[in-house]
């Protein structure tokens, strides 16, 4: 909940602007249409043919859903192969609610006291990942699974723990 | 995006507390379990056997999902009979993203210049309703429909225009 | 109270800039003078010779009071003919305090539970309209009336209920 | 603009509660009436028979206008004898707009670069004092004067420079 | 920068209160003294006789520096044995500036693109760790080292990556 | 705590940009290096050969530490000759924590009730100056002294009381 509130009804991002402030430039309001607000990017299924068995489609102001600029919201859809894992990661700038659209998904987060809060979600269930805490998602059903997440910042950031710890560039040398 | 950020990892609402500040009292952290974060309230279907053909299930910190207290997020599920209408309303304290889980739903909002932004959404599509603006949802498919909304405040408020204008108690007398 | 706090002492809006971010560009500080901070736009009386019997003069950062840019405040003055009505409307992004400068004005708002809170104000009295809720003002005195409002956002927005519901463009078609 | 946004439509302060968090406890919503929102405290004129020739009536959530609790707004009315002076002071937690209801008032603030911005206001004029900066008001008209201020925080604080520098208790000893 | 701004000059935490809202209860203002604002907890050196060679002393509103309640600030002091390591961790709710009081310390963070930003700091140097990102500190000097950090939230939280990933309780089972 | 939260991991200020919004323009992320985050500006000692016996080095986003842009933090280092005084001043947009690196320093602030809170700090001690309140620092040790402050806004502003009251340009004329 740290994003500034919107000054205008909307400020649909002009993704062609090279100017960068703490947020994205707005398209001229007269150029904004209904299509800007309707997001169909989740009709597709993302490929899960990879070691983790995971496909991701974002719904971000700065990427493919510019109407979310200044609105303090962002989206993400996950496709999971059987056993597919979204490994432990954080979002440095948002809390997240996740819902299962298909399948059974084991989800959880670890709080700053090191306590794990986790559950097996069925279709339609939700779970909360508080801002900045390590969390993960694992397809524990017998087939494919799909989840959708909504986060309360327009650019929550994603930091995969394994990449941050073992894959940083340049490497972390102790 | 007006809710204060959270001071703690979580502050699961103690719904039995009678104390009211700008937010809800927290349960003792030691009493919080994984079940607090898992929300299964949307497994049910809400009855649509009413004049508007609409059933609503909230997912609110102060009602049935206390883990959302201090997290700046809230949920709502709508069941629609054929032709079911969520009539024009506002949320005074949050922006909203809505997604169609089943059916075809015509949604729209009116901006402060009086311009309508609307679209017919199919399953999996999203739409944005900016904070405080009048919006509506109408099932335009051939059968039942289901949508889920996420809002970026823990208590966004709902003001139905018809009720506010013609059903206030006591009545507005000009 | 959703506007970001100011980064500088002032950021007087450059109304000639075409750039749009979440807020308005600042004039060069060296070009700012005392005149920027003094607002005399309310010396005039707005014409009330119209069906509603209402004249409005704004005091907005983006219109005629650029010093309010980034300061989280905006103004509005209303002139009322006898019986003049500011019909039900909302401000999606600000709470408002209104005061009567002349005459007797009946004001009220409807909360999200559908309860009306209203009063007849005399000269010098104030009333609060919480953020985003439907409210109205009606001149119930025997002559002209004048009110001034202050809102806690630089661009609160105004949505007239009648226009949003029955006058949107294109029309809302159910 | 630093107050947290409101979680509820209103949270009218319960001035009898001894509990103190970052804000005031709310009265039970069922006990709230229209009278809570109507503020008539400025009908009176404050006595100006004192060395500075100034009388002040607050309109504060924690003092006499409890409906302002959580709404990010506060009020103050000043009566000025001829030559009456509100000496240099700051509000540590709010920006302020001031308007002259009667008379002619010279007002000004000093920015952090030491530059004075000042003007002689006539009835109906407004001036902005940005958050935290030293400002003052002086009745320069031929008779009594009245001003009203609105600030964008529920408890802006008032720090008189002369008192802070020369009247602190215990005394500042260098 | 997500903490709500303060409503009062200060709200020194009453650490004996069992009430929990989104923040801590205030002591009665009349009980607050100069000693509340002076923090001497860093005069001590924390023991570094442990596998990581690290000793930590907090300066937190909820622990040992209650004056920081509602002020959006917190402190931490680290003592390092030769080679002492503060292993990769995050603060979910604050950005941090760290300074070296003694010795030479290698510090760094990994951004969400997996890029490492790191430097060897000498006495008096500062480094920034943006909110929520993985970062670490390593004593690379020839003797003991000391650093002090200031964070812009009253309860930033600390999540050690190793503990979150491999030491959660109950264990994360994929 | 009034600065908006950051939208990105970092937005290192482009100090060559002439554009001014409510914050500073960001350098292209690809041009950002580790050196941007490491601040060595406090290795120097500021000259104290002046009437107040004070030297100041800032660590501000807009001056010499551009990585602090959007991060809600700023720094300042003070060198004090024997008896050196930082006279009463305010920061209109931030709370401050100050620490003594060398010597003995008497510090204090005056609250809005006119009460002085002060203490003699030794090396390593901290003190809190709440947002917007008048405060001062005085070297009371037998030799030179050094302090470092951290504030929770990127551009807190500094208003010296003596300058604001007696040195404004043009002069305040009552």
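Letters A, B, C, D, E and F mark the chains as written, and numbering starts fresh at 1 in each.
Definition applied: a residue touches a chain if its C-beta (ideal position, glycine included) is under 8 Å from a C-beta of that chain, and two chains touch if they have at least 3 such contacts.
All figures in this text were calculated on a predicted structure; none of them were measured in a lab.
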item	value
Between A-B and B-E, the pair with more C-beta contacts	A-B
Matching chain pair for D-F (criterion: over half of the contact pairs shared, by residue number), options A-F, A-E or B-E	A-E
Chain whose Cα centroid lies at the greatest distance from that of chain F	B
Whole-Å separation of chain centres (CA-atom averages), chain C against chain D	20
Computed distance of Cα centres, chain F from chain C, in Å	37
Of all residues in chain A, the ones touching two or more other chains	1-6, 9, 19, 21, 23-24, 92-93, 108, 112, 116, 118, 130-131, 133, 157
Contact set on chain E toward chain D in their complex	4-9, 11, 19, 21, 23-26, 28, 69-70
Chain F-touching residues of chain A, taken from the complex the two chains share	2-4, 19-24, 92-93, 153-155, 157
Complex contact set, residues of chain D against chain F	1-2, 85, 88, 90-93, 108, 110, 112, 114-116, 118, 130-134, 136, 138, 157-161, 163-165, 167-172, 174
Contact set on chain E toward chain F in their complex	1-6, 9-10, 32-40, 42-43, 59, 65, 67-68, 71-73, 75, 95, 97, 99, 101, 108-109, 111-113, 116-119, 121-122, 124-128, 130-131, 133, 148, 150, 152
